[in-house]
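What follows is a set of structures to go through.
Next come two complexes, and both contain chain A; in the first it sits with chain B, in the second with chain C.
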Partner chain A sequence: MDVFTPLITAFDLPFMARALLVLVVLSLVAGLVGVLVNLRGLEFISDGLTHAVFPGVAIGFVWGGRDGLFVGAMAAALIAAVVLTVIVKRAVTSDAAIAVVFTAMFSVGIIVVSRETNYVGQLDALLFGRLLTVSPAEVNQTVIVCLIALIMVGFTLKEQVFRAFDREGTVAAGYRPLALDIVLNVAIALVVVAASSAVGNLLVLAVLIVPGAVARLVTNRLWLLFPVAAGFAIVAAWVGLALGYEASVNGGVDLPSGATVVLVLVAGYGMALVARLALDRIGGHHRTRRAVGQLAEPVVH
Partner chain B sequence: MIGNAFQETPRANAVAALQVAEASFAYGAEPALTGIDFAVLPGQAVALIGPNGSGKSTLLKGVLGLITRTSGTVEVLGQWPAPAGYIGYVPQTDQLDPHFPVSLEQVVMMGRFRSLGWWRLPSKADHRAVAEALETVDLSARARTRFGELSGGQQQRGLLARAVASAPRLLLLDEPFNGLDQINRDALIETVKRLKQQGVAVLVSTHDLDLARAVCESVLLLNGAQVAFGPRDEVLTLANVQQAFGSVGVEMDEHTIVVPGHGGH
Partner chain C sequence: MGYFEQALLAAVLIGALSGLVGTLVVLRQRTFFAQALTHATFPGAVGAAILGVSIPLGAAIASLFIVGIMTMIGRINRQGNQVASGILLTAGFALGVLLQGLNPSLPVKVDSYLVGSILTVTSNDVTLVAVVLAFAVLVIVFLGKQIVFSTFDANGYRAAGYREWPIELLTLVLITATVVTAMPAVGAILAIALIAAPAAAARIVSRTTTQMFVIAPVLGAVSGLVGVLLSRSLDVAAGPAIALAAAGLFMLALVLQRLAGTVRAAHEADARRALRRSLRLKA
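== the complex of A and B ==
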């Protein structure tokens, strides 16, 4: 029981409970959005968005302190999401365009922060998050931002899947893929904003990408992907927080909570990958037989 | 048989399901296809025939609004842009990701999304329409199979089922015979014939004269521009075909256009 007790007791402390609440909400939404990121292959665009949000965070912070941080992040995220959608639609080699625009923006953010000597120490918080010092007001912000992203993606979920599978098919059916893309990219940007204050700008990408990738390893069934991704993210957040707390308080090893959560996510991915490879090996001959059976099955008309 | 398919019988003076007038299309700034002028009436089928790169797929994409139209008009049942749900599109299967985690049934259900509307989940009627569409293409037994695990021919029929499930009034097929064996070809021809009887207009790109002969009243010959359009047997003359394929020594037999150095297609 000793191993599992910290999973419960660690969250008796209000700041730990708040951190858990933030991460659970974030996991739920990041899981949902992350599956779409995976299906669409938007990992690189998501990376671009995290870079683009950073100068917003930095400028907002310099301008208005911790409250300005949120406003700045939101503004940068919304602008970046729309600009990005248009760049990707127009540019022939969109990867280069994204890389150029958004690393430039990231650098602007760093310069802004370093110019303000008073705030240099805060750069850490911006880059690596400050999960354990989230205030109740910030919890509300995160929940609201996540809820908006959840509504945007939930409202268009089946159409987003359709668009991920067959863009031209959606056009033929009378949808505007550009509108769907803006909705998804804005939702991704909102998750980036919500996650930036929690796990930090540099670690957002893991929250956004790993759960979806794990779900793809676990199942091939479309509507199972979403609960699997969200569930995995929630468990990883819970275990990661408890582990970080236990190590810091009782183990004498000071583990930063955001990074610990991310490492648990990645460890989970590693285990899922190994399990998948092992299952494929064992099931190899079985699958071959199934494939042969499929070919041999007579086509009746 | 097919739930909500367009039921009206074609009339002689019915408004064209697709009317293209003096249209040109371009990829960005680069002109791709010029001088396109033809119509497809409800319940009729037009074959697009031309060599590789002659603009067959381009024309289909132009009708869908996927590429720029630089001149002329395109109207689907008298309107542009085409009203949502009027067009059913069957792309070439190699454009789709074979690893996408989606079952055949789920692909066919995509054909129902537009009429279903945002946010709402499929109703019993939608599931029935999907089941009927799968029956039409004879793939009911494969409904739960992952789309990417199906053979090329089955995928093709699955995409046709998706179009059927959307009850379109204009059906666009891009090289539907590619990679199909004779049994799958016959099944496809039967399905297209049945849809035509229900008043669906069909525009099909093909390099296979069998398909044109089996289901198409008219032929549009293409080679970067419109070479000829009219009743099938009037258009498919050796002279026209030679002009479209731009090669002396083009031969035609009953089934194929034989172009030297192009392996018969």
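== the complex of A and C ==
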């Protein structure tokens, strides 16, 4: 069983175990939040949020090092999520405006980092994470932030799903879509914060959207989407970490761990896509009839 | 021409090109697509640097792949364009980082592909931008009417006997070419600001699409110019400075629109009050 031993032995090392722990926690949240992102079609908004959190990360980092990074990111995330929700709600702006505003914020972050004298390498770490050097304190922060996001979305899950499929129905039933949107956007922003030290600001988007997209390919049953997404993310994280470890220890190739995990996620998506296409071809017209309990297309507002 | 003058020229040309093509992006609502494309050219550029071929060439080849895959995923049931863009976007970053990690001896700093380094553009880069700009201007001048028609009324366009795919293909080619040529200057992450902001600002201030096609390139060129000058006087990176200049113009347009709106509202209120008063006097 030569192929599979690295899947276990690699995690005897404490830093590998920490990396795995961080990714597993992130995966659990991604299973919940990511599926909602997919159902609501919030991929673009999520991308905007990752960019919007970046100046907070940068300013926090310049001001107080690794601890400051966390505080700054938290503040930026909360502000960005609320502002974004209001902007989208008032519909004064288009996709272009969102892209412009958040790229501008990203630019501010870059300028703040680039003014630092010892900026070489720092930018890389902020953008792409340093999965293998997360400290125990950072693991705790990640777990707590993820837990908050999980609780926020977990307690409103039924309403969020309702909102995804029938906005008018949600309003008519007495829920407030704006509040639900703020809860979800803040949760997305919290995932961005939680992931920023481990996978970095640019790769966190993969954690948010790939598992949800895979789940949609795998199953049509709504309540299966969440465990499938989380399970897929965990397996991908595990395999990705082991692969990176194996490559650098035995292959002598220094794979960046965050990027490896993301590419394993994407490769998994590719396989799911091909499998789904093949199944659809075999299944033919059976698939066009929608059985009771299967998932209709959510309405994107 | 010194390197600074060359950088200024490059910034102006790239700004104009981005503004012009950005108008198509904004009108056709392809912002997220363009953003995914800008991000996904990153691995192409890193690959090109590793192989020692021209950066825009590598980015262009990567873009071809990406557009192909994106079109394919976009057609699949339950996936759609946003998912396709998002996944390719993040895959592009990961692949770029991976390629960089595999080649630590890379002479060029990879950061510069992310945020651009306009001070190091070559005269070849500038020539390339000029050629693409000329092509884009020709397309807009001769085919602008068809493009606008198909953008605003796809059904009418088909009913009038035109076919849609040549226009779609043409706009894709233009967007890709712009993204690829803008990348050395403003980088993979920030290019979208230069593409979307001038066009979005132009959309606010102009009354017709023709005006948009004129105003957006001008605003883009101004962003490029202001950004490079600011970056020198304030000693900050040029790419972010250009992106911020473009975003600033967009904000300015928004504020102007609001002011014009309040002025108009005040006028209307005055007029109503005057009318009421005259009615009262008569009674």
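The criterion applied here is as follows: the second predicted complex is superposed on the first by the 279 of 301 C-alpha atoms of A that agree within 3 Å, B and C clash if a C-alpha of one lies under 4 Å from a C-alpha of the other, contacts with A are read in each partner's own complex, and residues count from 1 in each chain.
Following the convention adopted for this analysis, a contact is a pair of C-beta atoms (placed from the backbone, for glycine too) under 8 Å apart; a residue touches a chain by one contact, two chains touch by 3 or more.
Note that the structure is predicted; figures quoted are calculated from it, not measured.
In the overlay built on the shared chain, the residue A:Arg281 is in contact with neither chain B nor chain C. By the document's definition of touching, of the two partners only chain C reaches A:Leu273; chain B does not. Measured by the number of chain A residues touched, the leading partner among chain B and chain C is C. Within the superposed three-chain model, A:Phe155 lies in touch with chain B and out of touch with chain C [touch as defined at top].
Legend: residue contacts after superposition of the two complexes on their common chain; A:Arg216 is shown touching both chain B and chain C. When the two complexes are superposed on chain A, the residues of chain A that touch both chain B and chain C are 216.
Chain B makes touch with chain A in their complex at residues 61, 64-66, 82-89, 91, 95-97, 100-103, 106-107, 110-111, 113-114, 116, 118-119, 138, 146, 149, 151, 162, 166, 172, 183-184, 186-187. By the touch criterion stated above, chain A contacts chain C in their complex at residues 38, 41, 43-44, 46-47, 51, 94-101, 103-104, 106-108, 110-111, 114-115, 123-124, 127-128, 202-203, 205-206, 209-210, 213, 216-217, 253-256, 258-260, 262-263, 266, 269, 273, 276-277, 280, 297.
Residue ranges on chain A touching chain B, taken from their complex, read 39, 154-156, 158-159, 161-162, 164-166, 168-169, 171-175, 216, 219-222, 225, 291, 294-295, 299-301.
Within the complex formed with chain A, the residues of chain C that make contact are 25-26, 29, 31-32, 35, 73, 76-80, 82-83, 85-87, 89-91, 93-95, 97-98, 100-102, 104, 110-111, 114-115, 189-190, 192-193, 196-197, 199-200, 203, 236-237, 239-241, 243-244, 246-248, 250.
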